[in-house]
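Note that chain A is present in both complexes that follow, paired respectively with chain B and with chain C.
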Partner chain A sequence: MTWKRTADVVVVGGGVQGCSIAYNLAKLGVKDIVVLEKGSICSGSTGRCGAGIRAQWGTEMNCRFGLASVEKFEQLHEELGMDCGLNQSGYLMVAYKESEFQQLQKSMKLQNSLGIDTRIVSYAEAREICPGLSAADAVGFTFHNRDGHADPFLTTFAYMEAAKRLGVTFHRFTEVTDVKTVGGKIAGVVTTKGDIDAPVVVDAAGGYSQFIAKMAGVDIPNFSERHEILITEPVEAGVCPPMLMSFSGNYYIQQRPHGSIIGGCSPEGHPQDYEMGTSWDFLEMMSRTFVKLLPRTKGVRVVRQWSGLYNITPDKQPVLCEADNVRGFFLSCGYSGHGFMFAPISGELLAQKILGQDPWIAIDQLHYSRFERGDLLIEPAVV
Partner chain B sequence: MRQTEVLVIGGGPAGLSAALEAASLGCDVTLVDSDLALGGQLIKQTHKFFGSKEERAGTRGFKISEMLLEELHGYKDKIKVHTNCTATGYYKEDGVISCVIGEEKYFRIQAKKIVMATGAQERLLPFPKNHLPGVYGAGAVQTLMNVYGVAPGEKVIMVGAGNIGLIVSYQLMQAGVEIAGIVEAMDKIGGYWVHAAKIRRMGVPIYLRHTIKEAIGDQIVKGAVIQEINDKFQPTGTEIKIDADIICMAVGLTPTCEILWQAGCKMIYVPQLCGHVAQRDMNMRTSHPDIWVAGDAAGIEEASAAMVEGRIAGVGVAKSLGHGNASEQAKRLEDYKGRIADLRGGEVGQKICQGLKVCTVNQWEV
Partner chain C sequence: MSEKTNDIIICRCEEITLGEIREWIAKGYETFDELKRVLRVGMGPCQGRGCREMILREIAAKTGKPVADIHPGTFRPPAKPVKLAVLAEGGDK
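The block that comes next holds the complex of A and B.
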């Protein structure tokens, strides 16, 4: 692919965030957009994620983002012209403690007030929603039927292909090694393939976004943790149609369309070494969780385990803004494990912001200055 | 968590030799093999080996396996064996290996030193309908016939005229199976002349400069269309339809090296050794200080070489653990290195030696 020395917008990161931002900018008429990816498209956190999509959140901001994203996902295949593997079988939240169930109900009230039809379901009903479920020890369940999951690869490729049709250029295996600024304004990027001058640079580098920000002279408190996940061989459909999720149970589990069951958890002490390795203690712990929660999985083989990076902020909500001290430098990072599900909406809102429009959901609260001010938007509903 | 001094993964010629050698110098060894019986590919090799007397020339492969197992019996206090036991992963942070016995029983094992003797995998060609029942690797056909006594079918198209393709074709004919033809993309036969001559004498056509285009059949293989190719491997347009119920692919092997990758061993692509292999020193130690490699996992070669490599790795492991005395170790290493150099003396050996040059270091920096 020919290398152009200039662009209107450079997006750093070829995950779902970068592809969504590039697509949304192109859709709004930006002509010369370049996406830079140090590996292959979808090779970072997006391609390694649990793929859940939910509106069941505990803060107003996340609820609005969640619902807007669910609505986007519902028509995404039409908009992008490609199937995204959406499975809208809901999220079944499982509480094992009274206090946890109270928190779920508190969140449910907030969700209901914002038009999200989350409801409490009985164990019997939970087993109708998820026939393979065994959770007699649970205190209560909430369910939102429009939640679910999609295919992160198909979704990202759909954004990429749609963006390409609108003229966006993608350079893979191209690593950004520096970000150039002049007089408090963005000037471009230096990469392993050459320089690109651009007045706008977007940091959508996922697990590595704090390094890109630092290159631009922007300090964000984001850090990256390794989270692990595994997938089983296929079993018959219908064992676990919804996404099962529990904060105290410490799991998220869902069944892929071909029958494999995928699940992850968040044990204490995730290494922050940027090595996407795997551990046997995760394999054993998660396998026990699978068998307890979905007895059908007893004796089923684990096909693969892997890990990816959660790019985490102090309040587990994203950084979505323009930098104060470097105009033209925009950030979309720190999704703390939820970058895939928010990508359809965050991409659109950031594109509006870049073009000087008012994002249709206000994102002022998601500026990284909140961390310095101590103005955190703590999200309770995170695994 | 189980513990062992030396874990040998793979109980074929290389792994058995490594285990025996390490045990003979005083190591406590655990040997795991995914198959039901030890011996690796030897147990299905009914042909006589070439080479010198030391390398058991004139002896049939399965007999060599029996000899190794007998030797193993003498070390039953030093070598613990798990068959039907697959090593499924290496966990880098603590060096733990996970294993599964059969389909059910899982355990973890931590070893001071590991010898990877995981052998090779068969290469398969992509072509339309290659998923149909009746499409086999040559190794699988040989296992069916020579280990289980089952004829795979009635009429076979063999793809590949290297030694494996030729030997398996001949063995199929001995078992009363018809060979409809041997298809070879190159312009000459890759295997030994003696094997090819036997087959030609029996009237089997060998289609040089041909490749398989597609399989024919809906539920099972009914035949194949083969096509002629030019010197740029492009189809010339000439096609032949052949009836058969088996398509057997003997298009080469590639080293099995997943665990070496997982362990972070430095890997190099070496075409002469048929794939990615671990960089190793003269005693078969990889860039990982606790991991050795031997046999086809270190590069595709004959079983005779695999056995000597296993011996070298066995001495290397024992040496690193402080077992055996230095003069004994040196004497054995000298002997084995002389023998393997002899084995690699011929024309085929030249190619191997070229490949080894690329991936062998004299000594790792301490």
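The block that comes next holds the complex of A and C.
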């Protein structure tokens, strides 16, 4: 592919965030957009994620983002012209402690006030929603039927293919090694393939976004933590249709439409070494969770385990803004494990912001200056 | 190549044909891992034991590179499928 020395917008990162931002900018009429990806498209956190999509959140911002994204996913196939593997079988939240159940109910009231029809379900009904479920030790459950999961690969490729049709250029195997600024404004990027001058640069580098920000002279407190996950061989549908999730139980488990069951949890020791290896400890711990929670999976085989990076902020909510000290440098990062599910909405809102429009959901609160001010928007509902 | 060969199933786990693999290579999905992400080739119970070599040869043919230069893609544990109940019992520490 020929190399052009200039662009109107450079997006750093070929995950779902970068692809959604590029697509939404092109849809709004921006002509010369280049997406740079150091590996291949969807090779980072997006392609390693648990694939969940939910509106069951504990802060108003995340509820609004969650519901807006669910609504986007519902018509994404039509908009992008490619099946994104959407499966809306709901999220079934499982509380094992009274305090946890109270928090779920508090969040449910907030969700209900924002048009999200989450409800409390009994254990009997939970077993109808998830026939193989064994959770007699749970205190309570909440359920939202429009939550679910989609295919992160297909969703990202759908955004990329739609963006390409609108003229966006994608450079794979191209790593950004420096970000150029002049007089408090962005000037462009330096990459392993050459330089590109651009008045707008977007940092959508996922687990590496704090390093790209630092190249631009922008300090964000994001850090990246390794989380592990596994997948089984495909089995008949109906073993675990919804996303089963518990904060105290420390798990999320769902069955994809093709039959494989995916499960992950929060890591012990919170590894921040940027290694994406796999551990026996995780495999053993997660397998115990599977057979306790879904006893019928005892004879189901694990075919693959891997890991990926959560790019985490101090309040587990994203950084979505323009930098104060470097105009033209925009950030979309720090999704703390939820970058896939929020990409349809965050990509649209940031594209509006870049074009000087008012994003239709206000994102002022998601500026990284909140961390310095101590004005955190702490999200309680995170595994 | 005959059109007929396009119907041959290359990845038996996910039932992906040679025609589909050629179609996505032509769209720029020129590495094994990219084809894996878009078509699920190599993601089934055999983890690519059946299809990987054939797909690498197909990438080599379409890109004009020697097959030895085509990256074989990522290999992930476990080496063979293991039942959850066996894993849950734990191992020797």
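The criterion applied here is as follows: the second predicted complex is superposed on the first by the 383 of 383 C-alpha atoms of A that agree within 3 Å, B and C clash if a C-alpha of one lies under 4 Å from a C-alpha of the other, contacts with A are read in each partner's own complex, and residues count from 1 in each chain.
Throughout what follows, contacts are C-beta pairs under 8 Å (C-beta built on N, C-alpha and C of every residue); 3 or more make two chains touch, one makes a residue touch a chain.
Please read these numbers as outputs of a predicted model, since none were measured by experiment.
In the superposed model, A:Thr278 makes contact with both chain B and chain C. Using the contact criterion defined above for the overlaid structures, shared-chain residue A:Phe157 touches chain C, although it does not reach chain B. By the touch criterion stated above, A:Gly269 is placed in contact with neither chain B nor chain C. Of the two partner chains placed by the overlay, neither chain B nor chain C lies in contact with A:Gly374. In the overlay built on the shared chain, the residue A:Ser43 is in contact with chain C alone; chain B does not reach it.
Contacts of A:Phe290 after superposition on the shared chain: chain C is touched, whereas chain B is not.
The larger set of touched chain A residues comes from C, when the choice is between chain B and chain C. Once both structures are placed on chain A, chain A residues 278, 280, 283, 299, 301, 305 are touched by chain B and, in the other complex, by chain C. Remark: chain A residues 40-43, 47, 153-154, 157, 161, 232-234, 258, 260, 278, 280, 283-284, 287-288, 290-291, 297-306 touch chain C in the complex.
The part of chain C that touches chain A in the complex is made up of residues 14, 27, 31, 33-34, 37-38, 40, 43-45, 47, 76-78, 81-85, 87-88, 90-91. Interface residues of chain A facing chain B in the complex, by the touch rule stated above, are 275, 277-280, 283, 299, 301, 305. The part of chain B that touches chain A in the complex is made up of residues 89, 91-93, 96, 98, 103-104, 108.
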